Structures are given as structure tokens and as C-alpha cells.
Amino acid sequence: MDEIQQLWLSTGIANLDWGQALMMGVGCLLIYLALVKKFEPLLLVPIGFGALLCNIPVAGIGGPDGLIGQVYHVGIESGAFPLLIFMGVGALTDFSALIARPSTLLLGAAAQFGIFATLIGAVLLNGLPGFDFTMKEAASIAIIGGADGPTAIFLASRLAPDMLGAIAVAAYSYMALVPIIQPPIMRALTTQKERAVVMEQMRPVSRLERILFPFVVLILCALLLPSAAPLIGMLTFGNLLREAGVVERLSRAAQNEIINIVTILLGLAVGSKLSADKFLNLETLGILLLGAFAFCIGTAAGVVMGKIMCYATGGKVNPLIGAAGVSAVPMAARVANKVGQETDPHNFLLMHAMGPNVAGVIGSAVAAGLLLALIGP
Amino acid sequence: MNESTLLIESLRLMVIGMGIVYAFLLLLVGVLRLMSSLILRLAPEEALPLATTPTQSPSSAPDDLIAVIAAAVARYRRQH
Amino acid sequence: MDEIQQLWLSTGIANLDWGQALMMGVGCLLIYLALVKKFEPLLLVPIGFGALLCNIPVAGIGGPDGLIGQVYHVGIESGAFPLLIFMGVGALTDFSALIARPSTLLLGAAAQFGIFATLIGAVLLNGLPGFDFTMKEAASIAIIGGADGPTAIFLASRLAPDMLGAIAVAAYSYMALVPIIQPPIMRALTTQKERAVVMEQMRPVSRLERILFPFVVLILCALLLPSAAPLIGMLTFGNLLREAGVVERLSRAAQNEIINIVTILLGLAVGSKLSADKFLNLETLGILLLGAFAFCIGTAAGVVMGKIMCYATGGKVNPLIGAAGVSAVPMAARVANKVGQETDPHNFLLMHAMGPNVAGVIGSAVAAGLLLALIGP
Amino acid sequence: MNESTLLIESLRLMVIGMGIVYAFLLLLVGVLRLMSSLILRLAPEEALPLATTPTQSPSSAPDDLIAVIAAAVARYRRQH
Amino acid sequence: MDEIQQLWLSTGIANLDWGQALMMGVGCLLIYLALVKKFEPLLLVPIGFGALLCNIPVAGIGGPDGLIGQVYHVGIESGAFPLLIFMGVGALTDFSALIARPSTLLLGAAAQFGIFATLIGAVLLNGLPGFDFTMKEAASIAIIGGADGPTAIFLASRLAPDMLGAIAVAAYSYMALVPIIQPPIMRALTTQKERAVVMEQMRPVSRLERILFPFVVLILCALLLPSAAPLIGMLTFGNLLREAGVVERLSRAAQNEIINIVTILLGLAVGSKLSADKFLNLETLGILLLGAFAFCIGTAAGVVMGKIMCYATGGKVNPLIGAAGVSAVPMAARVANKVGQETDPHNFLLMHAMGPNVAGVIGSAVAAGLLLALIGP
Amino acid sequence: MNESTLLIESLRLMVIGMGIVYAFLLLLVGVLRLMSSLILRLAPEEALPLATTPTQSPSSAPDDLIAVIAAAVARYRRQH
């Protein structure tokens, strides 16, 4: 009967602590949000399942000898996975709207205010008992306001790996909540007349412009902000593969095989950071609150900048497209379009909002690079 | 370990092993039946909204998320 | 002429020993079986070619600096490849038949008797001169009776890496031989009347059931048998990707890109374990014999359990579908169908046999987890 | 670092950070405009031969390659 | 204002040295050649972009902690990437033309004369001031004459990793220049009458021959030249996957997913070797000159061998197909066809030139193996 | 190694290298011809059952496998 005893001691029930059980519940909750509420399912399903698997007692799947622990080491500690996803994002993104109207980059810039305001928010939260964020942790939380999953994972894996799980979950959850979070802010900050502004059609963009665009962005980044170069570099590389026209095979590989395989592995690996001692504490609540704060501020800043550009151009810019500057491609652009059509059903803002939308991707990568240069690692 | 010890050991393994395989899968039979009957009662066919309908319902979700996590945190802190 | 001498000494002929030559022959034989006899070609072609490559003298392709040696280290020693293949199996498998009739899990349980009986067989074989299996080796051999290639490779890589080559070859060979090995046993153990049993049609399975199924299996496994969690976890993760409906991209990646790439690399790496000193010994013959024994016992146990269920249900279960409990999806189910049609050409057992067939996959993963928990590593 | 230092530090970061983000993206606006106007002037639409036409023009390329690299080498050596 | 100072010191401009700026220019030049001049874009776009990224100051993308530096370590230092590409080449290549007329292997042999003649050329160049190639470096340069990118990268990564960047760039550039470099040599060495030779149609090749072909090549290589076995082994493995007919999934993975993913990563990693101190020196000029020399000699040797075979067969072989023996599949075969049609527009040499063309791939892999056996590593 | 040694060495490499490349590929020519003629004689076209026909012949295979491996083992043991 010794074996029965040994076997009982090897069961999950005998070894399960409450933290693990709760975190398995959190994993199931994330999958529920993904499947039923359609919260970024491509990421939240693997993250949630990774949390489930890595909180199974005894098995050690997320440990140094387990599959997911090894994937984390190879793909996230090294920084490789978020960068490969950024390459795929570049290969999937059409920057034409931005090239046709470069001024929308300013909307992408304004929306990053959410990031820096949250930095202060995190420091202020330290005033409450139970919160004690370092500067690196504050910066990692703030980047949630960039509304860009891979950027958030990249920065957090460098500055605050212990918080990676909570930050990734918050980043993707809020990206999914864009259609809920943004519209009230957008309506509150704009007048009926502003929301009705019809923008003039964009000029067509030549192939040569689209091919030179990645080089212009990369070289400016290399000269001024090299710490953002890994992110911007892979983004522009993917975009060049897309636009080059002569490397179809590679473009398809970046848009499909690589990004899909990496997404599965990255999701599972991020899930391995959802352990009770790292996630079930007051700081996670702080991260969720600050993340929501960052999102709201970013949206508001984008809309305000849109209003400024509206005045400056004599009413040629609809301020609603400023909200798309947070990135969350293409959902934020769709939200801008939808809120616009509430006022005027015949006003199609989608294409106009794509400019600030993709500008937001560049803007948050730039902000991440800045934080890396100023704070760490 | 000499040979007869190995043999006894392997007989033991067989009995325990098959016993547990059966026990585990029997339990799984029960749980699966329970699951199916619960689903049949609580969410009869075609009532499930999953994925087929482009649901527009995440309206209450942020509160959900924070509420559930807050509860989980509270529970966890009580235990430790 | 010094160089000619040096060159001669660097040729394969000058360095070839008989063991290598014979193992190259074994590699060619495996490829012959794969191409002409259609023995699991997806695995046996890479395994056979891996054996060819790794037995080339001087080149050291399977050594620590060679390509295949490195692949072995990264993918098999770490356990990653079999688990990724299991994810793909999950994404490729429809568990509906099992959900509709959970009792078929008992057939999948019974068929695992082949594994545990073989454990005893291996220990008894130690009585003969030339055999000296340890408990870990006996368990690794016994798992061949699970009729599941990745499970066998996973367990053997943990408990008896030196025998991995022979075990993998035996596992895949016997899986391919299911149509030869099983029918005589099935006919011998059943009466004409039993084989003619027509089973009633299965109820339809709702989407929600199919989505909850992986969670039920995983959580039960996590609570009771966490050592089986890596295998069951990746299987259920793959299955969730399949059934979720909102992560088509990831499901396709698991079903195609990942499983295909990993299969090529895993096959080559397994082939690197087919070296003369590890393979050309009496123990390999023992492994082959025990493997065949395990298969036969597993089939018989499944059929007997089928007969018990037939009596218990008053003749509602055709005992032939019990043979499908060994797994070897979907070949064993097809065999059950075919043997049934020998008696009644209008009796379609295929769908009914899929239940025990996929139950066998779960059953052998559970058995592998048990062996890990009780014996090693 | 105590709390008020952290606060001052973060305020500083905000000012510098937003400043640089704006500066960088403003510069990018200018460079992109410059690029587009240059392209419009030097290579008006449809004049670009890229990829659409199966160009047969690599005739002078080997010399190009060697010449450019030679010039680069020369320049580099002068600097070092 | 301390932070401004710190920030300025972290910019690229403040840290850029001329070497990096020039190498970024070289990267752009390579991409220009790829996009506009259609120089092997699948390789030169990633190589050029890799050079751009790895020469960005401060960022360290090509360093030991950077993404591309890590990719280099994992994929090129280990030799894995060129071998995986060779597997893909095997899966993409139809060797029927070679099987139907094995004598064309002699044309593939002759064209390797370019490699060995260049070895002497490199040693002679040592007579000039500023050049000091070791034997290993000379061999790595000489292999450019093999007109086979992955072979060149494989050999250079083993014998002269510091020169890898320049050698890979030269190899792919000259492969792209085949239509410029070869025709004048071909015209100069042949008479009008020889160029007009019409070759008789090839016999059909049975499936069995195509399946046995990889084994014959591999086993001969294993017995006589095991140092070439990694290259030849992966080439023949890929070809077996293609011809087997029962492993379609794996064949497609080798032809698409694997080769595309590896090409992107290999290109970026090769680009990381394009650093100023390794590339911007006199030796690179030497490499480029010797590469061109190797190409011309190889072409000439192939044509001369073609003439010999023309005499020996009483005019049944068109000497132009000898030029295709350098490999550069399928461009060299197309060039042979085109030059032939200048004389007789109705003479289709393409299929006949495919024999020596694929023979050249085997020939240069054999030559690379020989150099490894005789010189290093 | 001084320069003239290197030169002699490289000349040697050229002679040996080209010699072996030719020898190897000539041998390959011979073996490929042999293969083709054997196939033509022993398995004339369309007689090969490979893959096109869904063969039902693995009936004797398990014995095959064990027999061949047994023979291989026996042979190996005699050598060692």
C-alpha cells in the first residue's frame, strides 16, 4: 500500500494550493472572455490555456524543464517572439493612409500621452499602502496605454519580467475593449459639428513611396532613437517584404506561418507568468486600473489633438480619427468610423482613421524605445 | 533489484496501473455524462451564442474582469 | 602522395564498420516498408533516412556537432517534439463520438492492459540469458502497446533514451500492422452473432459540449494525475484550438505547419538513435517481440471488454469496436468496421469505433503519466 | 529612491518623453512629405519600373557593385 | 538637463561611425540590386536589411543579446540553416534530366574547375600588398565558383566565418549575374556549328529510378566522401520526400514553410556579418574579383568539357549546355537555352541543360566536402 | 606557411580535388547507368506498384521485419 500512498502524494489534489486553483480559474476566465466575448482570441486563448497548464501542480510544465518554461526562455527572455510578431504585423499592415497624409502621425504621437501620464499615475499609486512600483515597473505598466500587445510584452520582458503576465493580459484585454472604452470619451470631447466633419479623399500612393517608407522610418529611428530600432526594424522589415513585390514567398511566410506559430508559443509562454504569487496580489489590481487609465488618457489626448488639427486646418480633420491614434489596429479605426456614422451615416471615416491608427503602432514603439533608453534595462 | 523483486514489483504496477486507468476513465465517463446533461438542461441546443453570432455583448466585461480578479485576490489573501 | 593517403583515411569505406553498414541497411529497410508496404510513411521515411545519415562514418551528422544530433538535443531530449505533435493530434481529432457515448472510454481503458501485461512480459524475459531490462526500460517497451507513437517517444526519451530508436521503430511499425495483427484476434474472441450487432445511431453533439470537453479532461487529469498533464495538456490545447471556432489561424498552424515541420525533424532525430551498438543486439529482438505481444494483448483486452459491455447493455455494443481501443487512429477503427462488414456488409461500425479509438489516445497518455509517476524518471 | 524623487523623475520623463515622441514624429512628417514631393518630381507615377516589368537591365550591375564597394572601401580607409 | 545629455549620447548620430554609415549604404545597395535589378531578391532583401539593422549603433541587434545575433548563433554557427535550405532545394528539384542522361554529370564536374582554379588565384593574390588569405579563407572564397549559395554559406561558416558576409553577398550576386557573365564566354569558346547542335529527345524516367536516385547518390557519397554527406544527405532527403509520393505533407513543408522561414532568418543572420571591419577592407574587393574569376573559369571549363563530349559523341552534345554545369539552378540552364536560340530559334536546349545544371549542385557539394576533408575545419 | 608553400599546396589541392570530383562523378555515372539498366530489366515500366496502387500486401511484413533484423543482429554479433 506504499505505492497507493506514493501515488496519492503525486496527485494534483494533494499538492494543489489555493493560489494555483484560483489561477486556473483565471485561465478559464481568459478563455471565456476570448471565446464568448471575443476578446482578442488569437492571444487570450493560448495565454489562458498556458495559465491553466502552468498552474497544474507537480507537472512543472512552466518550470525550467517543462515545455512551456523552455519556450519562455527561448522566445520571450530572448525578446525574439515579440519581434517576430512585429515582423508579421509589418507584413500585414498597409501604411498607405499614413503616407498619403503624414500629418496624422501627430495624432499617433498625441495618443502616447496615455503612456507617460500613466507613469505618473503608477508613481502616485505608490502613495497607497500595498503598492510599491519601481520606475521600471511603472514604465512597463504605462506601456499598456500604447495599446500594442507585442510592444508591451517586449518592454515588460526587459524591464519587469515578473509582471509580464498581468501586463500582457491587461494589454490584450483593453485592446479588445476598445469598442467599449473609447466611444463615451470620444463623444464627451467633441461637438456634434466636429463629429460630422467630412474629410476629403486621400490621394493615391505610388508603389515607390510605399517601398521607400520603411527605409525612411528605419533610418530616422536608427539615427535618433536606436533603442527603438529592434521593434521599428522588424516592423519595417516585414513591411518591406510586403511591398517589395518580388519576395512573395517570404511575405506570405511572415504573414502566416511565422506569426501563427509564434503566436501559439508566445501565448502559452506568457500564460506561464500567470502564477498566483506574481498575479494574485494588489499590484495586479493596480496594473488593471492603471491600464484602463492609460487607455482613456491616450484616447482623450488623441481626440484633443484631433480637435487642434481640426482648428488648424480650418475644419478639414474630423477629431474622431484622433482616437484611433492609440493603435489597436484595426479596431480603433473601426470605432472612429462607427462613432462618426452615429452623427452622419454617410460619412466614411475608416480609411482616414487608418492613418493615425498605424501611426499609433510606430508611436508606441518609439515610446517603448524611449523608455528603454531612459530607464533601463 | 533481483529478478523476483522485479517481478513482484511489475505485478504490483499492473494491478495499480490498470486500477487507476480504469478509475480515472470511469470518473471521466461520469463527469462527461454530467457535463452533457447539464448542458442539455441549462443551455439546450442552438441556444449557445458561441462564435456563430457576432456577439456585441462585451459591454459589461471590464467590470466582470476586475470584479472576478478582485474576488480571486481577496480569496487568495485570506488563505495566505 | 601523403594527401591521397590522408584522403583514403577520410573515406567512408576506410572507416565503415559492419555495424554502421548493417544499420544503413536497416534504414533502407524502414524506408522500403514505408514506401512499398505503406507502413506509417510520414514517420518511417524520416526515421529511416535519419538512420542512414547518422550511420555514415566520419560525418558525425548525429553527433553533438552535427545537424541531427543538435535537433535531437533541442527537440527530443527536451521532450518538446512529441508534445508539439500531440498538440497537432488534438487539433486534428474530432472527439464527438466519445462525447456522445462516454462509456466507450472503458474500451480505451481496457486496451491499456496490453501495456501493463507487457511490463510483466519484459521482466519475465529477463529470465533468458542476454536480457537484462531495468524497470524503466521495461516500462518504455510496454508503452509500445499503447499504439501511440508520440506517447512512446515521449516516455522512452524520459525513461530509456538508449532504447528510443528501437522503441519508436517498433511503435510505428506495429501501428502500421494493425490491419494484419488485429483481425485474427478479433475473430477468435467473438461469435458470429456478436460481430453482427448493429449499434444504434449516436446523438448529435453540441458545439458547447465539444468546447467544454478539453477542459473536463484536462482538469480531471490535473487534479488526479498531473504527471500525464504535459501530454493530455497539449492534446486538449490542440483540440480547443480546433473547436473554439475563433482561432482558425492557430488551428491551421497546429494541424499543418507545426506538425509537419516537427514530424520531419523528430523523424530524423529518432533515426539518429538507430546506431549499431544500441540497436543491433538481442534486446532489440526482445523489444520487437514484446511490442507485438503488447499489441495482441491490448487488442484482446479491448475485445473482451467489448463483450462485457455487450452483455451488460443487453447486446447494444458490438464487441469488435473494443479492438479500436488501442488507439492507432483512425486505422484501428477502420479495421473494426471492416471485420464487422465481413459478417454483415451493411453494418457500419466506423463512427461507433471512433469513440474507443480516440479514448485509446487518452488512455495511453494516462498510462504513460502513471508509469512516469510510479517509476521515474 | 524615495517617493517624491520618483514623482519628480516621472514628471521629467513625461515631459522629455512626450517631447521626443512629438519631435521624432514631426520630423518623420517632414521627411515623409519631402520624400513624396521628391518622388512626384523625379519619378512621377507609372514611371517606376519596379517589379511590374520583367526588367532586362542588370547589364551594368557588376561594375556598379564593384565601383560602389570600392568607393566605400576607399572612404572607409581614409577615415581610419 | 542631464537627461537631455544622456539622451543625446544614446542617439544613433552621436554614436555612428563612418563604417556603420557606409555599411548601411551597402545594405541599401543590396536591396536596390534585389528590387530593381532582380538580383536573387529572396536572399538579398533579407541580407541587405540584416546589414541595415546590424549596423545601427547602440541597438546591438546583431550582437550576442540581439535577435539577429542569436539567430546567427543558432542557425549559422551550427550549420543548420544552409542544410535545411539544401533539404528544400532537394524537395524542389526534379533530377529526371540527370537520370535520363547521367553523362551530363561530367559537365557538372568540369564546372567545378572554377573552384579549384580560384584557390590558386587567391594564393597568387597574396603576392599583392594588403592580401593575406590563409588556405581556409582561400577555399571559402573559391567555393563562390560553385554558384551555390547555401553551399558557400555552409563552407564559409566552417572555414572562415569572418568572411561569411562578403562571400555570401558575392555568391548570390554572381548567381544573379549569370545572364550577364556567361553568354560572352559561351560565344567565345564555341563555333556557330556547335551552338546549332540539336540534341535528341530524352527518354522518360520511371518513378522507381527517381526514388532510387537519392539513395545511389547518398550511399556513394557516404562510402567515398563522408565530409560531403551533410550537404548531399539533406539534398537527397529532400528529394526523396518529393519523389516518395506518400509523404506529400512533409514534401510541401520542406518546399514551403521550412525553406521560407529559414531563408528569412538566414538572410538576416548573414547580413549581421556585413560589418565595416569585416567588409570594408581590401580583402572584400579581392573576394569580389576572385568570385567573378571563379565564375568565368567554371563556365569556360563547362563549355570546354561540352566541346569534348561533342567530339566524343560525334556531335550529339551541344557544348552550350556545359555552361549550365556551374549550377545556379535554373538560371544557367535558361541562359544555355537562350544562347542556343540566338543561332537556331527552334532549338530548345532547356531540358537538356537541366541535367548539367542539377549535376552542378551535386558537383559543388562534393567539392565543398572535399575542401572540408582536405583543409579543415 | 610561407607563400610558395601555399602555392604548391593549392596546386596540389587543385589536382587532387579535380581528380576526385571527376572520379566521384564518373563513378556516379556508372552506378546510375547500372541502376537504370537493372530497373529496365528487372522492373520494366508500369510494373512497379509503388504508391499508385493502394497495396494490400503488408501481410508478410512483420515476419520480414523480424527476420531481417534477426539476420542483421546475427551478422553483427559474429563480427564483434
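Order of writing sets the labels: A, B, C, D, E and F. Residues in every chain begin at 1.
Note that a contact is a pair of C-beta atoms (placed from the backbone, for glycine too) under 8 Å apart; a residue touches a chain by one contact, two chains touch by 3 or more.
The structure presented is a predicted model; accordingly, all values stated were derived computationally and were not measured.
The set of chains touching chain A and also touching chain F is given as C, E. Taking each chain's centre as the mean of its C-alpha atoms, chain D lies 31 Å from chain E. Between chain A and chain D, the centres computed from C-alpha atoms are 25 Å apart.
Separating the CA-averaged centres of chain C and chain D is a span of 55 Å. Residue positions of chain F touching 2 or more other chains, listed in rising order: 16, 20, 50-51.
Residues of chain C in contact with at least two other chains: 3, 7, 35, 38, 211, 224-225, 244-246, 257, 374. You'll find the chains touch as A-B, A-C, A-D, A-E, B-C, C-E, C-F, D-E, E-F. Chain E makes touch with chain F in their complex at residues 98-99, 102-103, 105-106, 108-109, 112-113, 115-117, 119-120, 122-124, 126-127, 135, 138-139, 204, 206-209, 211-213, 216-217, 220-221, 224-225, 244-246, 359, 362-363, 366-367, 370-371, 374-375.
Those residues of chain B whose C-beta lies close enough to touch chain C in the complex are 1, 3, 6-7, 9-11, 13-14, 16-18, 20-22, 24-29, 31-33, 35-36, 39, 43, 45, 48, 50-52. Residue ranges on chain F touching chain C, taken from their complex, read 12, 16, 20, 49-51, 54-55, 57-59, 61-62, 64-66, 68-70, 72-73, 75-77, 79-80. Those residues of chain C whose C-beta lies close enough to touch chain E in the complex are 3, 6-7, 10-13, 15-16, 24, 28, 31, 34-35, 38, 41-42, 45-46, 49, 52-53, 56-59, 61, 66-67, 70-71, 256-257, 260-261, 263-264, 268. The touching residues of chain A, counted against chain E in their complex, run 78-80, 83, 211, 215, 218-219, 222-227, 229-230, 233-234, 237, 240-241, 244-247, 249-250, 252-254, 257-258, 373-374.
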